[in-house]
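Shared between the two complexes below is subunit A, which has subunit B as its partner in the first and subunit C in the second.
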Partner chain A sequence: MTEAAPIDAATTASSGRRLSAGTQTYLYVSMLIIAGIVIIPLLTTALGGFKTLGELRGNPFGLPAEWQWSNYGNILTSQRYWMQMGNSLLIAGLTVFLTLLFASMAAFTFAHVKFFGSDFLLNYFLIGLMFPAATAILPLFIRIRDLGLLDTYWGVVLPQVAFGLGMSILLFRNYFKNLPPELFDAAFVDGAGYLRFFWHISLPLSRPIIATVGIISFVGSWNSYILPLIMLNSESKYPWPLGIMVYRGEFSTDWQLILAFITLTILPTVIVFFAAQKHIIAGLTAGAVK
Partner chain B sequence: MRGKWPVLVLFLPPALLLFTVFVILPMGEAAWYSFYNWNGYGLPSQWIGTKNYELIFRNGAFRTALINNGLIIVISICVQIPLALWLATMVSRNIKGALAFRLLFFLPYVLADVAAGMIWRFVYDGEFGLVAGIWNFFGAAPPFWLADKQVAFYAVLGVIVWKYFGFHMMLFIAGLQAIDKSVLEAADIDGATGWQKFYRVTLPLLGSTVRLSVFFAVVGSLQLFDMIMPLTGGGPSNATQTLVTFLYSFGVMRMQVGFGSAVGVVLFIICVTLAFGYKRIFMRND
Partner chain C sequence: MAGLELRNLEKSYGAVSVIEDINLTVADGEFVALVGPSGCGKSTILRMVAGLEEITGGDILIGDRVVNDLTPRERNIAMVFQSYALYPHMSVYRNLSFNLELAGKPKAEIERRVIQAARMLELEPLLERKPSQLSGGQRQRVAMGRAVVRDPSVFLFDEPLSNLDAKLRVQMRGEIKALHKKVGVTSIYVTHDQVEAMTLADRVVVLNRGVIQQSGSPMELYRRPANLFVAGFIGSPAMNFVDAVMQDGLARSAEGTDFAFAAGQKLAEGQAVVVGVRPEHLLVGGEGTAITGQISFVEPTGGQTFVTLDVHGRPVTVVISGEDDIALDGALTVRAAPHHVYVFDAASGERVSEN
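Up next, the complex of A and B:
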């Protein structure tokens, strides 16, 4: 640890001085300890899925004496795992699609069309940023029930889209506003209408913000628990976070099976996170920093 | 540009309709229902005035939930944010592996709260979990923290820090990147030590990030639900209730629509007051 090679000069914030060996040791030891606290629960969860219950009791940390592949195998060949993944994917897919569509359209009018009450309407949407969906969950349940949407995917998707609109419209609007105004003038001269301008110019130029809003709403929906918990009754429609709770209820102390199930359900998240880390980190912090 | 009416008529209504029907109206209805004793069937007819609100504030579990939400905010400010800032300064340096550490520290934030809660339920398990393993190794009888009224919520707080410090760290990394490096170099030339540089230069320049970070901790605390359910479900004896789990256990589970709506209204008022108050007082210039 003598050579301090710059990893990515553009993203480091310290001044360029070489660090002393003592400082380096201090840094690495601290970071390794925290890394251990982060990773050990995750690793032992994945490893625990390969153990027998008896071994888990005596040896929750170490490698399994005999790898119980069947714990994972049985879940992977079960219908419920794939069904829950499918349900989550479907709910998240619909949520992302509708959020992108409705938020970009509304944001476009706020960014480019001057009309009476536009400031008021934008602020109206921003009210949604101030309180969580849980505050009105009971009236929401009754509304969904009265609309006949209880125990349907739409009963989860529509409220999810609605609660994501505030942030999404804000992000889209700010992005549209920052597109060069010359584009607008050129389109005007060419006689293009708003609809063509939106479809052929604004949207194609907005890939970064589409990705950001898409990631925020996908992750939110993929991980969501309270809305499906309240709106869905049939297990065949459960997304995976609900599925974990049911699985845990069924196999109450068979921790080895529960651990295998948790591992398999978070695996897609972990893989996608490492594969697309730059986009995901940027997306999830963009809403915060704006 | 021609024809702004078609675009308005086409582009605004879908968002407006969804938002009104599923966000604004339910909030209004919560205020309405909160004055009734109602099980959710038929129309609310049994008007009981402010009885639901009186019941809420007399409820011991509600007070616990309020205190717990407050504790989350305190822990965020006293532990999580300093930890996040400390790590951000480390992983922002020119050292090997810094980016890998960043990724790893952010990973818990990406996981679902439910999964994180379930993983930590295993960690804390007194029979099969990691805590049991450590205690057994030293020949001690393992504790059951999540079943112990006195410590359960502290165990929950640990999971909250584990899950969310990475998010705050990312905010601070972004904040550090925005600092003009020449300022730090100037401090170097003046012979400032590392600590002096941090305390007198970096920290003051991170003021807006700290305020933002605290804001998210406050907002996050008021929404906390998903993680509590797999960990403790609000128990033992309501020791780990938060405002939202309280709403769920006492309003939704028992289909007490009036009472649950009143809890929702109280939560709404707390959210709006804190958000507005905080922004007014601390984030005026950001």
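Up next, the complex of A and C:
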């Protein structure tokens, strides 16, 4: 065949407009301030983990006079640290899996099937966006107790999934709605029904939104403190954020160890975020520019 | 393989009627083009045949079977979409194999059929690519391959070439025709482009506002348009029209030009009619009714030149041979022979001349 290659749109599109020097300075300064607000507590925490408790009292912000590597070393070599990481991963993994499963299936239905009460039901789910789990902690506790799920992983996972559904369904639904409708026609002619269309077409085309929803619910679960604190009793089931409890004595608290511990639990999320950054941002802005 | 029949087919969206009482029979192996202006209901008909759209009334038969309530798969139709609707995340191979896979065909058979279809459409070197790595023409070919591979009873095409550039469109037109010769499957081809319809189809069905205007071979539609709409729609450049009134067996226009023509039926004195003459039938130095106008512009296309005359403030298009040595400024007189003059009843739009 002798067809001309299609002209690459990118080569002809003009690049973004130039900003004036004043605007640029303004942007840089505000971004530096925002970055500082984020980085300073992180750095303080990480550095604090290298100090002794005494030094921490007198010199909370500066570099440590003597680097106490053992603070970190002891945590890393303790069995508890790794066990709690396993708990965190298990709880977050289950939360992510169930959130993706339920949210994508519900969103698919809301995007493609019109049934009696579908609008009402969607709005009902979206109302969930307005209630952080913490506000419902007492009724949740009672419900979980009645279900006999206290002190189980499910007692943490199920409420997390439920409270994440509103946002996740919204994100999935918008994405599914923006898939070209002819794909549906083509697949239907090819012999697919709703289920196969969902599985073979919608989901594979939704990788950015799967990544986005997955990361949002992962981070939510990872950082969750109140919910596991209320639902879990056995230390052997504690996720990472509850791990700091160990260092809070009745009479004194080992703040330097808490800071080191927190640093070690933040690190994996930061790494994951940098690894998946592209997908997260693509997913959040998907459909905005078309 | 099987023929197709539409019986009193109707479609309305709420109170809005889009398709009114369509009756159409497509013989086994026939290639029928459904042509009409944008929004006249072509896609709706095709989608109803495919089973993608509920029907409001009437019956659809494939072979001798009423398929009204069957799914697209059970109807065993294949459809090529205007936007191709290729699955963007699947390779060309998987795009072709998807429906066989869903049908649960054995792997060996799937491979054999995909390779066969790919060979027929020269897609073999592209099987591993994703749709985004293909040119427009190649995507079009994959869309056709996806339809061919399943060996359907009926092929449905919804404006499959309208996203291609002019040159490629002509090439693919030829390939579709060749493909139909090879596989001989009953086909309905929807387009708004009358040239595409005429060049491709055994039979052309002209549709307007959800109603079939005329159905016939391309030359029948060209030579004997049933009404004003078909006369104006078929043929390029379009037929010239002028309002007239019957007087002494001639059609007299408002400017007083008397058109001689062969009447097909008795016409009342004073009856309001519309006279139509095709641009290619207005001949310089021919015989018949003379029309004179000022040349307002000239469009050479090579073999032919389109000349627009200003006749009493009305544009009249004339086609002359590009080789003709005619002075193209000032006034021009052309003549319309009686057997080339079409006359339509102004009220009903029906043709009343004999042609």
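Quick note on the criterion: the second predicted complex is superposed on the first by the 208 of 290 C-alpha atoms of A that agree within 3 Å, B and C clash if a C-alpha of one lies under 4 Å from a C-alpha of the other, contacts with A are read in each partner's own complex, and residues count from 1 in each chain.
Just so we're on the same page, a contact is a pair of C-beta atoms (placed from the backbone, for glycine too) under 8 Å apart; a residue touches a chain by one contact, two chains touch by 3 or more.
What you see is a predicted model; the values in this text were computed from it and never measured.
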item: Touching partner for A:121 - first (subunit B), second (subunit C), both, neither; value: first
item: Residue contacts with subunit A in the superposition, subunit B compared against subunit C; value: B
item: Subunit B versus subunit C as contact partner of A:156, first or second or both or neither; value: neither
item: Subunit B versus subunit C as contact partner of A:204, first or second or both or neither; value: second
item: Which of subunit B and subunit C A:171 touches, first, second, both or neither; value: neither
item: Partner chain in contact with A:183 - subunit B first, subunit C second, else both or neither; value: second
item: Contacts of A:57 with subunit B and subunit C, given as first, second, both or neither; value: first
item: Touching both subunit C and subunit B, counted on subunit A across the two superposed complexes; value: 1, 4-6, 187-188, 191-192
item: Residue numbers on subunit A that touch subunit B, as the complex places them; value: 1, 4-9, 11-17, 19, 23-24, 27-28, 30-31, 34-35, 37-42, 44-45, 48, 53, 56-61, 101-103, 105-106, 108-109, 113-115, 121, 124-125, 127-128, 130-132, 134-143, 158-159, 161-163, 165-166, 169, 184, 187-188, 191-195, 197-198, 219, 222-226, 230, 241, 244-245, 248, 253, 255, 258-259, 262, 265-266, 269-270, 273-274, 277, 280-281, 284-285, 288-289
item: Parts of subunit A lying in touch with subunit C, wherever the complex brings them together; value: 1, 3-6, 180, 182-183, 185-192, 196, 200-201, 204-205
item: Complex contact set, residues of subunit C against subunit A; value: 47, 50-52, 71-73, 77-79, 81, 83, 85-89, 98-99, 102-103, 122, 135-138, 146, 168
item: Footprint of subunit A on subunit B - complex, ascending; value: 1-4, 6-8, 10-12, 14-16, 18-19, 21-27, 29-30, 33, 40, 86-87, 89-99, 101, 103-115, 118-120, 122-123, 125, 127-130, 132-133, 136, 162, 166-167, 170-171, 173-174, 176-177, 179, 181, 184-185, 188, 194, 212, 216, 222-223, 225-226, 229-230, 244, 247-248, 251-252, 257, 260-261, 264-265, 267-268, 271-272, 275-276
